[in-house]
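Letters A, B and C mark the chains in the order given here, with residues in each chain numbered from 1 onward.
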Amino acid sequence: MYHGGGMYVLAKKLFPICRSITGAGFRQSLKILDEAIGGNILQIHSIKSGTKVYDWIVPQEWQINDAYIVTPDGEKICDFKENNLHVLNYSEGIDAEISLQELQNHLYSIEDYEDAIPYVTSYYKRRWGFCIKHKDRKKLKNGNYKVFIDAKHFDGVLNYADFIIPSTQNCKDEILISTYLCHPSMANNELSGPIVAIFLAKWLLEQKHRKYNYRFLIAPETIGSIVYINKHLKHLQKYTKAGFALSCIGDDNAYSLIHTPREDTLADKVALHTLKNKANFKEFSFLDRGGNERQFCAPLVNLPVVGVCRTRFGDYKEYHTSKDDLSLISPTSLENSLKAMQEIIMNLEINEIYKSTTFCEPNLGKRGLYHTINTVSTNSQIPLSCNFLAYCDGQNDVLDIASKLNIQAYELKDLIEKLKFHKLIL
Amino acid sequence: MYHGGGMYVLAKKLFPICRSITGAGFRQSLKILDEAIGGNILQIHSIKSGTKVYDWIVPQEWQINDAYIVTPDGEKICDFKENNLHVLNYSEGIDAEISLQELQNHLYSIEDYEDAIPYVTSYYKRRWGFCIKHKDRKKLKNGNYKVFIDAKHFDGVLNYADFIIPSTQNCKDEILISTYLCHPSMANNELSGPIVAIFLAKWLLEQKHRKYNYRFLIAPETIGSIVYINKHLKHLQKYTKAGFALSCIGDDNAYSLIHTPREDTLADKVALHTLKNKANFKEFSFLDRGGNERQFCAPLVNLPVVGVCRTRFGDYKEYHTSKDDLSLISPTSLENSLKAMQEIIMNLEINEIYKSTTFCEPNLGKRGLYHTINTVSTNSQIPLSCNFLAYCDGQNDVLDIASKLNIQAYELKDLIEKLKFHKLIL
Amino acid sequence: MYHGGGMYVLAKKLFPICRSITGAGFRQSLKILDEAIGGNILQIHSIKSGTKVYDWIVPQEWQINDAYIVTPDGEKICDFKENNLHVLNYSEGIDAEISLQELQNHLYSIEDYEDAIPYVTSYYKRRWGFCIKHKDRKKLKNGNYKVFIDAKHFDGVLNYADFIIPSTQNCKDEILISTYLCHPSMANNELSGPIVAIFLAKWLLEQKHRKYNYRFLIAPETIGSIVYINKHLKHLQKYTKAGFALSCIGDDNAYSLIHTPREDTLADKVALHTLKNKANFKEFSFLDRGGNERQFCAPLVNLPVVGVCRTRFGDYKEYHTSKDDLSLISPTSLENSLKAMQEIIMNLEINEIYKSTTFCEPNLGKRGLYHTINTVSTNSQIPLSCNFLAYCDGQNDVLDIASKLNIQAYELKDLIEKLKFHKLIL
């Protein structure tokens, strides 16, 4: 089934909203995501400003209504209503008239990418500021500027959403799908992450059989995952078999995998198995991490969570600027990313350790699983069934065997069903 | 001593016989092999048709007397007496007159190798058929053909031979040499295997010292080894330290090793150590297996048996055709293969774990094992004895150390004797 | 601080002395080394001739006063007083007139390096002899030669020196620095080893903090280290965490590391970490050993001692000849070798296993350890502190983490201090 169109429509709907780590934009976005999956699926949680979580304090809620600068010539620039990236995200309010010189201390632009408005945040130190294209900044003349930001911070809540799509087999083990949603109008980073996650959830809900429980988390970056880990650590450590942090997954470039520090968890194994043969696949160590895998893989948390991206955060020019817009993502690339995640899940679901039940090779021919005549063309070809059985020694799992056979584990599904039917594996 | 000539003579004697997995040709061949080694060495065993062995049933005995086709022009073609490959091996009998169209369903030929008669078998489904050069098949005209195969299947026995050349040291451990003998007139596959095995046995009988027992098995492919494993599994699992399945070992190309699934058994280690430096040596995973190692290495059997070939089965054009004739093997190549197997055995026999007995290096000079003068030419050369001792830590075995020293383990024999004589290793 | 000049001056002072494995030259050299470090630091030990140590007997003391040959023309050649390499080291005395033919049996020269006097020794078999440039040897005419060596062997002592620079933290663990000093007038091999060792000791004495005890050993090659191991084996095995055998460390070529047989000790790890990024660094297996690491790493001794050289012994033409003179070493290269050893020590001293104390990443910004604003330039850069913490899992040591981060462990010192101050690691 084709989903790319719907995914892109959802991106268009979410794009204009001004999100931050707290506030109305974040809540509105969660609501839209919930509707996209059918409603009443996302569990939306609130945690009070000022709550201590490990080494951190939950920050205040941020409310932004308007922001702009008026030049000495009376021109309105950096208009929040035109592009919400113009305001420093989580900025304090201000209403003043200041010199250009003073204003410069509060402007952010990129000298060697002068056509782009940068995305800048200051969550843990109060500042006010505007982000501006460098080419526009260069034109500013001396004189007095009116700076106006109608924003405030107040004790409110930080929100995040989670939901579980349950195992159909009463299994306790969980797969974690994590993504963040705190960036304002940017498309690849990060609307692509939540959108792929939501469509992955839709697909999982349609499946008749699910070995695992699937835990989805949509939270603000860093503080959101810290809040979540703080609340669920023991449970997560006990039941999470593999996790995937999705971001920057809507462009059309090669897939990237960011490993856990140990590099040997089931998440590393299944993601590598699934992605390694995709064109130009890139493998990164944990040193190249960037999203919430930073928290999930911290030493005392130590969850098996890898990062999955197309172009890794920071490795594309448009990253964290107004150029990361809807033209950077496409229905096709979103659809392909969804498919890659589905493949990862299918490879996880098929993965078991089997043991051959027969001494020596079984007589596959009598069960119709092997040719009964040996000619030159068949002679030196051992069938897949026979190769699969040869490694079913009670130690290799299906991922191990599929990697040896150089095929995707889920492609062995029919074969495994047949072998189970004939009681040739247990 | 030169054996190539005798090996080739034996090949010539065995070549014309029509063998199959059961029947008189197989028995006659075993008898000739037994004579070649001096007589009364091979223990010939019979197992009744219909006996259940694991997932298999021992097939009936096959008796073939004659087979041919008479063309509409009265010409006799596909004459079994000219080349026993002309009949589908294990074919049913037939005596009928049929159209060319019907005959075509029972003919086997190779389109892109039109000068060769293919070797085709149908053991587990009853069929009748003829194998023919493709260039001859193309000449067949419409009309009625007389097809005649004087063959029958009946409840009889399946045969195989084994024998043990005992340890001279009362050791219980065994080395297995396995080869199969069920192919009709083809030389490299498979007369080379049994011939190298028999001459290896002759050589072993001449040795004064044998650490291990050497168990030889000459059986039909697949079913023969399954029957054998069925009868001896516990013993084999308990005592087999390493095993070697020999086939396609009479041509003059590079040596090939087919690893066990685990790739780390003593058989893998010693075969790799022995063969790796031979010109163009090829290493294959268990995925590239083809002979009885398929059964010996099945998960529940799990014996340390590697395959040793020259050109691997299926990797040469003549494989399983009438072109695999006596011109494909030679006295020299058979002799060299025998030598390679002798090297493997010598490397196994020399292999032990030793521990140096002295703290620090011993004074080798006073025992005549080291120069007593240090000049420029001797200064930077540490003698082999000293290097060997440096790794005798009670953990490395002789194969490990020889691999580090980049020589064949058996080349350390004199040195080891000297060091033992001087009580420098234990 | 610059030490190269002082190191080179010390080399010039030691160079002329005729050393051997026993005797006055060795003692005189130890005294000069002791003065160089300030006096009364080296503990000089004596062990009687004839003492049994493991498989060896301590050889007699050697006293040499003069040696020369008088040619038939009355010319004095091979004059010990001109170059002490002219006499076979540890030679017997002789005073005789012999034919050229007989003399030839007692001459040592190098045919393809005819300008160099070779360095030749005969410690464990009594011989007399002279070493001569091959170009001079070729000129010798027939006739009677007077050969005179005023040397004798007598029951005396073998000497060696050791000293310990103690831990400032009451730690029992030791680092061993070993070097030998038994060669006569040669510079790189081996004056460079003792000189680097002595200046390393001077530097260690200046340090305020030393985690480890540093055990220095200056002994004759082979027999000296055997004597030492014999006396201290249990202590050395219990407390030696890493050891370094220094020789041929005064030239200006690439650094070389000679591994232990196991290749995985702390000494292997820290030396590899420190040296691997130096230009043209060379890594050798234990098969390429040559100095006292031969004894320290013998199987029953099994100490974690690697060899550290510039050009490995035997890999330079001048090795063990009169051409290994003061022109082969330089103040700069001695200084650089000292620095490399200091780096090894600093990497050892900083090496610990830390564990992050916080769940999730700590809030580094509030401690001034991280920027508080996220702009495009900072976004995709994770600070070193954060990367270091990410691997502080209680299993990786600082060397492991520094290798991942591709910097020298000691460069993490300030960072580690800060993290400890903030109680972010334990």
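In this text, a contact is a pair of C-beta atoms (placed from the backbone, for glycine too) under 8 Å apart; a residue touches a chain by one contact, two chains touch by 3 or more.
Chains and their UniProt names: A, B, C = Aminopeptidase.
Note that the structure is a prediction, hence the values are computed from the model and not measured.
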item	value
Self-contact between copies chain B (Aminopeptidase) and chain C (Aminopeptidase), residue sets same or different by half	different
When chain A (Aminopeptidase) is superposed on chain B (Aminopeptidase) by its C-alpha atoms, the rotation angle in degrees, nearest 5	120
Geometric centre distance via CA averages, chain C (Aminopeptidase)-chain B (Aminopeptidase), whole Å	55
Multi-partner residues of chain B (Aminopeptidase) (at least 2 other chains)	none
Touching residues (chain side chain B (Aminopeptidase), partner chain C (Aminopeptidase)) in the complex	355-363, 365-366, 372-376, 379-380, 382, 386-387, 389-394, 404-405
Chain C (Aminopeptidase)-facing residues of chain A (Aminopeptidase), complex	54-56, 108, 110, 113, 118-122, 124-125, 127, 222, 225-226, 229-230, 233, 261, 285-287, 289-290, 294-295, 297-302, 313-315, 319-321
